[in-house]
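Okay, so subunit A shows up in both of these, paired with subunit B first and subunit C after.
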Partner chain A sequence: MGRYLLRRLGFALFLVLAVSSASLLLTRLAPGDLATEQALSLDPAALVRLRGELGLDRPLTAQYLSWLGGVLQLDFGRSLLYGRPVSDLIGERALNTAMLALAALMLATIVGLPLGVYSGSRSRGVGRAIVRALSVVALSVPPLIGSLALVFLAARTGWLPVGGMTSASGAELTWAQWLADLARHLPVPALALALPLAATLERLQSQAIAKATREPFVAASRARGLDSVQAILRHAWPASLPSVLGLYGVMIGSLFSGSFVVEVVTAWPGLGRLMYDALKARDLYLVAGCAASGAFFLAAGTWLADVLLALTDPRVRSEEVV
Partner chain B sequence: MNRQPRALLSVLLLGLIAFMGWRWWSDQQPADELGTEIVFSDASTRGGIVTSSLRSEPRSFNRWVDRNFPTDLISHLTQAKLIRVNRATQEVEAALAESWTASPDNLTFTITLREAAWSDGTPFTSADVLFTFQAIYDPKVNSVFTGALQVNGQPLVATAPDARTVVIRYPAPFGPGIALLDNLIIAPKHKLAAALAAGTFAQAWGVATPVNEMVSLGPFVLSRYEPGQRLTFDRHPQYWKKDAAGVALPYLDQVVLEVVPDQEAELVRLRSGQIDMLQQQVRPEDVATLRPLVDEGKLKLLELGVGTDPDLFFFNLRPRQWAKDPRGSWMSRREFRQAISHAVDREAFANTVYLGAGVPIWGPVTPGNQKWFSPNVPRYGFSVDKAKALLTGLGLANRDQDEWLEDDKGTEARFTVLTFRGNSSLERSSAVLRDDLRQVGIAVDVVALEQGALIERMLKGDFDAIFFVLTLTSLDPAMSPDFWLSSGSGHVWNIGQATPATEWEKQIDDLIHTMMATSDQAARKQAFDQVQKIFAEHLPAIYFVAPRMYIGVSSRVGSLTPTILRPQLLWAADAITVRSGGSPGQAGR
Partner chain C sequence: MTRRAAVFVLILAMVAVVAPLLAPYEAGTGFRDFLHAPPMPPRLDGFNPPVAYPLILADRLEQRFTVDRTRTIRLPWFADPGGEPVFLLGSDHFGRDVLSRLLYGARTSVGLALFATLGAVLIGVLAGAWAGLRGGWVDEAVMRVADFVLILPVIYVVLVLRSVLPLVLPASTVFLLVAWIFVAVGWPFVAKGVRAIVATERDREYVQAARSLGAGPARILIHHLIPACSGHLVVQATLLLPGFILAEATLSFVGLGFPDPVASWGTMLAEAGNYNAIARFSWTLAPAVAIFAIVLATNLIASPDHEN
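Let's look at the complex of A and B:
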């Protein structure tokens, strides 16, 4: 198990380095830079000075090697846009994104898995049709439309704040009040993220359960006198989990690296928005830092899913982990 | 019909019934139960909160080195100038300068400062003014105001005989006179002198700076910054300005800027009363959706007038671009540009791009700039026949029976237009241009690029034509010389010429220099009318339509002085009132 974890850790580090390096190099190679937008209002000498100050006049290799040297010491450089250390900016926003991601993941799991088990264990019926129809709708609606629909609903009913993470009065709130305020702001973005994920989980779980229920050991458990619910929960569901858990790695990675569309529409101050702003302004180091954090979360998510898979499936443990 | 489709149909039907029921129920609710209704009161009172949206976050609080809109807006709320150009009237008015006198040659201005204090209680003195000049002219600072506070490339010289007097000497006569000081935002010496001495002024007052380390001389003080969420400004308790009745300004207790990056979400918030105003114009396609709220009295849709920074279409006029290009013999000719101007139906253009909310224009100065607009310029009315005649005169004819014209060497009349990706007005305009030019046999390939990539291509001169938006820094042309002068960095069709490439550009240079040097307003206007005429004759950039601009604001907000320039409402935030206390989100709850 230890060797396996080390191997995965090594891969994760490689992934983070490769993705962030590629992001930095591609952003640097693309036409234009942070100083370009000022070019029409600055005289040429001032523009040259600005490029020099930002380090944009250095050769690509020198720029990359100095950045790489910093990264090896866990220093991702300073944002050209905000003049602050990239790690500070990412740290602030990652916490916000993590809260949102966790809420969305829990919501998707709580809704998607039971519905998947339910719809997969039935071959017909109105309930199954309703679940399937809702899943298809949730999967078909693009995140932008889904987010806007929820924001519109919140505005129309006044039940929930339409955006932001906390209220303007947040400074005067106690911790308990702040948490309550946060809880009021979470549902709209969390639902926008969770609904398509819940639908994906439902569809996957449903197919996995349907396949598992056709396995001989499930039929044998029924023959031993278990009722259908017990047979599904005790035998079919555990057997169906490996295929579902595989998806969790990707889900965790994408959620924790920030969803740009949902964060922009619901004004949630997370990593997705930071990455978007960095890309728009060609902030090399911030783009690389955001890409590194995204790759890290993807690697961590995949690793977590692998561990969970190994824990739930003895075959995986014996073949790969040990 | 088997059971599964029937069940699906039932689900859809139930969903539809539930939605219609919800809509009906929502409509039946009294407005105050919805929690989004704004409470109105008849009396304008001191106090209250105004909440506005802001599409992007500030990159810095240091206005002396950052020109982006959020930083500029924050500067309007928290900083002050000696004088300011009133954005509504275009007249110079006193701010921190209590009074001033000009020498007979209009080169020296002696300014008496009013008694005022920074938000930490430190008195404002002439030392702050001198320090600001020192910072702006320091090459290490690389200030965005260095060029704007020069005359003929030379800096102004400021001295201070005493703590309340400043003498500013211009190196040469300058037409706008003291209005040039509208670019001088006073910096606090007691807070930033150490940074300037250490060579770190440009990095000072970054977004990570604690708000209590920054001081204000404007109507509000930044009291809280929540990255990615909002900026909160409290009333500056010692702000110098009072209204006619002697009441200390500002009237508002607080201004809140909520960061809302998405335009649709921003509109939803405005419609639901959770914000009071936007910081940019309402798009033409959104005007209709806001009308019902205007009819209900919840919202005001203020018409700001005709936009002063219309989109422009221009060809690459660098001679070297066309030296080896077979299209150069006709594409760099004035007649070709005139033919294009004739070929575009500006009325249809206004209807398609701005849904009717636009006016045809014939040059860079629109009717929105009332002081400088000249209607007496050559116009190229819509006429396919005239366009075709001009193209024929250039030797372009349909020689191979396809859709397009060719020159006598068989080169097709085709060019590529670059434009900004994601700018719906420019993308629509490019499409209209392509369709209109197809009718006269010119093929246009539209390529949408990211902003950085497009500007890079423009600077390198690697383009045929560009559809672009250029924001000029001032309505007075003498304050935007970069666009007009052939040596300017904003002379986009042929940037930064060492000497004027054409005779007409030399004429424009001379006229602009003349109007920059004289303070006789009639002579300045006459010179600039001539500039507009030459520009319209030679069409280095072609203008089609200027949009009519609207801005949405909650009806509870009063004492507004809307202007066409950004920030359209908060530029005079000290005079704004609200009809009920509390924030818009709280008002009806």
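Let's look at the complex of A and C:
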């Protein structure tokens, strides 16, 4: 199992490097650079000087190699747009995105898994039909639509503030007040992100439970006198977990895609917005840094899902080659 | 499911073709006295064509309207041209009819998604069939690339690819470029299944029979292997379509899709998507409802009724 996880780790590092290099090179090769925006207001000589200061006049390979050399020492360069180290900027924003993504993931898990166990362990009934219907509807609300709908609801009812992470007066709040303010801003984006995820989890858990309850060992536990709830919770559910946990690794990608959209709609200051701004301004190093951190989270997520899978499924643990 | 999916894709294609013909106004026609006019519900008028109550501008600055219940006007399809406008779904901030733009936008958004789906299926079939037929390192390489593309967060890839291209482009160029970007992220979904099917089917008796009768690889592929994949292709197309519609909406929403005057569901949402507009002029969110309906239809088709 150790070797397997190590191999996945190697692949993850490769992924981070490949994705960030590709985005750096693509951004560099794209028409226009950060100085183009100032082209109208500056005379040609000043423009050349600005390019020189920003290091945009160097050949592609030299620029890439010096960036790569920095990255190997965990130095991602300075943002041309903000004039600050890329790692600082990303650290702040990645925390916000991680908070949003974690909240959504927890919400989806808390809602999705129990409902999935419930609907999967029955073959008919009103409750199951209601869960099914709700799940199909939630599955059909992609984050873009969901966040627009929730912002609409919040704005109309006035129950929750919309836009941003804290209110505008966030600066002079105490720590506890800031936390309370954050807790009021979080539900709208988190719910928009969580709805389709919860539905996906519900469906998969439902199918996995239905499959597990047909296994002979569940029938055997019933024969030993366990009631149906006990048999499901103690035998069927653990057996169904590996296939559900496998989904978490796949979900990280959609969590990322979804959080970008939600961040734009609800003005949540996260990684997605940062990357979007960096792309539009052709801020090479910031783009590459954002891509690297995105790839890192993606790889870390899939890696974590693999570890979880190995922990819950004894068959994976013993297999050396997967 | 295959048949229902095929019908669904055909209906969407029909919508893209027919919708603009049903639009009461041109997509770009703005009525300056009716900025952000609320929806005007149609009423039945005996055996005559349905009518609506006209709006009266109450406050130009606040964009408030009152309904004049003393008289009725005919719906645009039945009225003489040049009469008072009727906005069944309200109007946007330029006084353009939301219903008309929704219908014209269907051509842009659904048309783009259909085009990209077709491209993704085509590339996916070619890549998958090549990998499945050749096997060996070709198979390995194609599948590795496909797996790599599959784990990337799609919207970021689309975002990066779109934003490294020139930002201001004519609408027709945007259409083609965005479609190709969608093809680039969509083909692996098709290719993986095609490869699996081709790899198992190529050794089956009927393929051997065709080969021994002298059929070349191209003939075997077109006449025997691709028909074997048709179910998979229809299913994948059904799943890709709403994804691409949503991707266009997202791109245009953040300003990297179609330029503003073009009516697409994404550009419409981009205009509707600020807080004041959402709360006060919620009818401009009509494309969101359309997208929800399409995704819901897809999920209902794709969900097996008797999975347990």
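Note that in this section the second predicted complex is superposed on the first by the 293 of 322 C-alpha atoms of A that agree within 3 Å, B and C clash if a C-alpha of one lies under 4 Å from a C-alpha of the other, contacts with A are read in each partner's own complex, and residues count from 1 in each chain.
By definition in this document, contacts are C-beta pairs under 8 Å (C-beta built on N, C-alpha and C of every residue); 3 or more make two chains touch, one makes a residue touch a chain.
Everything numeric here is computed off the predicted structure, so don't read it as measured data.
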With the two complexes overlaid on their shared chain, look at subunit A and say whether subunit B and subunit C clash or fit.
clash
Of the partners subunit B and subunit C, which touch A:D277 in the superposed model: first, second, both, neither?
first
Which of subunit B and subunit C A:L148 touches, first, second, both or neither
both
Between subunit B and subunit C, which makes contact with more of the residues in subunit A?
B
Just subunit B (first), just subunit C (second), both, or neither: which does A:P238 touch?
neither
Give one of first, second, both or neither to describe whether A:P31 is in contact with subunit B, with subunit C, with both, or with none.
both
Which holds for A:V162: it touches subunit B only (first), subunit C only (second), both, or neither?
both
What is the contact status of A:G10 with respect to subunit B (first) and subunit C (second): first, second, both, or neither?
neither
In the superposed arrangement, which partner chain does A:N96 touch: subunit B (first), subunit C (second), both, or neither?
first
Scan A:S123 for contacts with subunit B and subunit C and give back first, second, both or neither.
second
Figure out whether A:D43 sits in contact with subunit B (first) or subunit C (second), or with both, or with neither.
first
Clash-bearing segment of subunit B, relative to subunit C, as chosen among 1-9, 19-27, 253-261 or 289-297:
289-297
Both partners, subunit B and subunit C, contact subunit A at residues 30-32, 148, 151-152, 155-156, 162-163, 264-265, 280
Quick check: in the complex, which residue numbers of subunit C touch subunit A?
151-156, 159-161, 163-167, 246, 249-250, 253-254, 269, 272-273, 275, 278-279, 282, 285, 288, 291-292, 295-296, 298-300, 303, 307-308
Can you name the residues of subunit A that touch subunit B in the complex?
30-33, 36-44, 46-47, 49-50, 53, 81-84, 88, 92-93, 96, 124-126, 129-130, 132-134, 148, 151-152, 155-158, 161-168, 170-171, 264-270, 273-274, 277, 280-282
Which subunit A residues qualify as touching subunit C in the complex?
19, 23, 26-27, 29-32, 120, 123, 136-137, 139-142, 144-145, 148-149, 151-152, 155-156, 162-163, 203, 207, 210, 253-254, 256-257, 260-261, 264-265, 275-276, 279-280, 287, 291, 294, 298, 302
For subunit B, which residues are in contact with subunit A within the complex?
3-4, 7-8, 10-12, 26, 34-36, 51, 56-57, 59-60, 67, 139, 142, 144, 146-147, 202-203, 206-208, 224, 226-230, 232, 256, 258-262, 264-265, 268-269, 271-272, 274, 450-457, 459, 470, 473, 482, 489-490, 492, 496, 583, 585
